[in-house]
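The same subunit A turns up in both complexes below, where it pairs with subunit B and then with subunit C.
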Partner chain A sequence: MDGVGVNIAFWVLAVVTIGAALGVMAARNLLHAVLFLILTFIGVAGFFLLLSAEFLAMAQIIIYVGAIAVLVLFAVMLTPHAGQSNSETKMALPAGLLALCLAAIFVFVLTDTDWSSVGSAPSVGVTGLGDALLSTWVLPFEMASVLLTAALVGAIMLTRNPEDETPEADA
Partner chain B sequence: MSGWDTVGPQLAVLVAAGLVLLVDAMLPRQRQALPYIALAGLAASAAWTASWVGRDDFHTAFGGTLSLDQYAVFFYFVFAGITAAVVLASIDWVNRAGRSQGEYYALVLVACSGLMFLSAARDLITIFLALELSSIPQYILAGWGKDQKSSEAGLKYLLLGSIASALLLYGMALLYGLTGTTILPDIAQVIQQGGDTNRGLLVVAMVLLIAGFGFKMAIVPFQMWVPDVYQGAPTPVTAFLSVGSKAAGFAVIMRIFFEALGASFLSDDWFKIFAVLAAVSMTLGNVMAIVQSDIKRMLGYSSIAQAGNFLVGVAAIAVPGHEFTLGASAVLLFVAAYAFTNLGAFIAIIAISQKIGSDEIKDYRGMWRRSPFLALALAFCLVSLTGIPPTVGFWAKMYIFNAAIRADLAWLVILGVLNAAISAYYYLGVVRQMFLSEPEDEEPIRTTPPIGISIAVATAGIFVFGVIPMPLITAAKDAVQIFAH
Partner chain C sequence: MSYYDAWSAVLVAFIAGCLLVTGAIVGAKILAPFARERAKGVSYECGMLPIGRNWAQVNVRYYLLAIVFLMFDVETVFIFPWAITFVSFPKFVFYEMLIFIGVLGGGLAYAWRRGVLEWK
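Showing the complex of A and B:
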């Protein structure tokens, strides 16, 4: 895909995504920060679409915007003393300067690099993705499922109230 | 394409984890059997690994994402041993807490399988997932105590660990973007073809990778989390973190930098980075350790310094124009020696602090009178950490420094020896408290059989390999043969 339209879309998405990401950092109100976060996710989904990765774009919207962001919103709204505002920090200025320096280094390096060796992006449909996940990448795929199980077990263990736990059997 | 037998050691550990959870849920009366199920799983894993020892038919599995070689075999043994020691050391501690026992052992086992995958993975995606598979259970375990300090430890570890993972992912994304592949040897091939036109980007990617793994290895400047997490986490978990994730970090970083970033124009850069990090880690870790009054914090800073010693070996690998298996085998020897020594020290501390309820070094006064066995064992471990013969710690330091001298890194060796002298001050300070001061409380400290056995095994390992180090050295040299081609 090449053309003026794609270029325009890229720059619009870039401005929206990075602007929203900055908004997440700068917003004083936690709710606003979460809303900015949703906008960032949508921007990223747009990039996936531009790269002809429709499935990824859809997954990004459904999982990140649909599930995760809504969960975060609920968590913020249901937490009574979460404080509606981010606290002030004295490190904002030095951290900002450091981030600018890093950004400068990255921009310099990324523009300086010869990306021609990469070739074109692979275009893989949902079928191809499924095949790949269950053949070449079956090991990482299964590791991810073990990882999720362990995380679930841990989450339940950490949030369980100690008083509700079953007493020792032989006590 | 099959190949599930190539992950047998990990599967054995994971099956044990599942069994532990099931028994915990279904047979609550049999809870005291849980640690022994875990140990049986680890033993099965080690037995499976043992069937591969000495086989030189190196091959890959799962489409090249996993590598089955003697390097992985070496680390499988190390991780099975470390986890077994941690499980033994946890028994009393977990019994006393009396809750979430099944979850505790299951998470320790899952983390162990992650560490094993990490040492065998030869693809960026697998490496990242293995890292998370070992890290996430450790974040949870650090907060297992549920008191304020433990929760703080868990949260700090989680937040900083996530940042480290993000940096690591960015580095991996840059590598993939440049080369179009995630398999380590393929990355090396593309980089070779491209020559050094893209050196800038590769250096940035390397720095990001070092930052991500540096967090796991606890090297300066990625060490901020160490003292608080080590102090707040349950002590058996601290032992696991200080030995397990550190060893895995070095295992994977050597594999990545050898197999993917071994091009000579790159190793010129990374050996300098590693040499500087080694110097800073050793010095800062030791200087900060001197002023600590809490023994877990002291060992935390000392582990940063020890990571600096590992890095001396890693830096020595990369210096062009010398036999580089020397540095690699020195690092592996150090990993094994450090595992015995630090585990022994931590388990002795667990036994002592369970009784006296304190981690303050001043409360260790006169420990010799209260428990000659624990005092002697802890003293022996501290002597080995300092690097004094006849302990395995001495050989490990000697091999590391030998490799560094051969690699013309004399300045680093001088710094390392100076640091060993500094470390002797605080390690032997504890020994002096234990043997030369009068106890405030004469009450003897008894150890339970699991703790006694694990300490005995660790100290026996330190002593036996301190007197006859050749078997361990040979094993380390065999393990790094894959890098020789």
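Showing the complex of A and C:
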């Protein structure tokens, strides 16, 4: 299962993903930061592929690269002052400390876990996912649609223009 | 053919795509005539000097359309596992998906009624 190509792919993906994540932090222009974020998402999708979770990789591409990135892009473009550069703030030091603490926790968990006991995970394809989604987890599955609808209704309520409201005029 | 061998075609397509894009960019850099002039950096304003910044705030309507798009994007992802498995399941599984789509359709109908889909 492990080949040279897989190893090379892993390291290339790791460099690209971490580099893009650093680019999100370092980019002066917020739109460039969003583009770096999209590259990070694509890198994560590549990791899913390497873990033989191709459905998850597809979902990552469709949802994160396709839709979330568009949402973030529009959110940035809606912000009046986002065109100004992503300047230095006083929060850089606390944010860096927080990132270091998070990284320390991750490294601790990584080194503390007994990976040999994990073994090779059973490969769950789309079929297994569909089985679980439609039998055991059917309630969360239906709740997802309610959640999405609630998000849409909330966004409409937040962005409506009170002057545009014409309750019975254009019926 | 192992799992990763099946993806080698994707790798080849990826490398070919990278080569094509870099080839196009480098080719344009080498071949195209290039004039360095300060006025080229100014935002385009029909020959007039531009007023204000080059940052135009987009209409919030785009954001609503993006959210509608996200809804049906997520629905697509849920439909894939359902489409593969529902034949082997009892009949009510089919209706579970209909409920899912129905709720989203209700959201879309609400957006439609509120005029989100109209471009005034």
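Couple of notes before you dig in:
The rule we apply is simple: the second predicted complex is superposed on the first by the 143 of 171 C-alpha atoms of A that agree within 3 Å, B and C clash if a C-alpha of one lies under 4 Å from a C-alpha of the other, contacts with A are read in each partner's own complex, and residues count from 1 in each chain.
The rule we apply is simple: contacts are C-beta pairs under 8 Å (C-beta built on N, C-alpha and C of every residue); 3 or more make two chains touch, one makes a residue touch a chain.
These figures come from a predicted structure and were not determined experimentally.
After superposition onto subunit A, the partners subunit B and subunit C occupy separate space and fit alongside each other.
By the touch criterion stated above, A:109 is placed in contact with subunit B alone, subunit C being left untouched. Of the two partner chains, both subunit B and subunit C are touched by A:138. By the touch criterion defined above, A:94 reaches neither subunit B nor subunit C.
Looking at the superposed arrangement, the partner reaching more residues of subunit A, out of subunit B and subunit C, is C. Across the overlaid pair of complexes, the angle with its corner at the CA centre of subunit A and arms to subunit B and subunit C is 120°, in steps of 10. In the overlay built on the shared chain, the residue A:146 is in contact with subunit B and with subunit C.
Contacts of A:129 after superposition on the shared chain: subunit C is touched, whereas subunit B is not. In the superposition on chain A, contact is made by A:52 with subunit C only, not with subunit B. The superposed arrangement places subunit B and subunit C with a least CA-CA distance of 9 Å. Residue overlap on subunit A between its contacts with subunit B in one complex and with subunit C in the other: 135, 138, 144, 146, 149, 151, 153, 155-156, 160.
For subunit A in complex with subunit B, the touching residues are 105-106, 108-110, 112-115, 117-119, 135-140, 143-144, 146-147, 149-151, 153-158, 160, 162, 165-166, 168-170. Remark: subunit A residues 1, 3, 5-6, 9, 49, 52, 55, 58-59, 62-63, 66-68, 70-71, 74-75, 77-80, 82-84, 126-127, 129-131, 133-135, 138, 141-142, 144-146, 148-149, 151-153, 155-156, 159-160, 164 touch subunit C in the complex. Looking at the complex, you find that subunit C touches subunit A at residues 2-4, 7-8, 11, 53-55, 57-58, 60-64, 66-71, 73-78, 80-86, 89, 93, 96-97, 99-101, 103-104, 106-108, 110-111, 114-116.
Across the complex, subunit B meets subunit A through its residues 1, 7, 14, 21, 28-29, 31, 61-66, 98-100, 103, 106-107, 110, 113-114, 117, 123, 125-126, 129-130, 132-133, 136-137, 139-140, 143-144, 146, 154, 177-180, 190, 193-194, 197-198, 200-201, 204.
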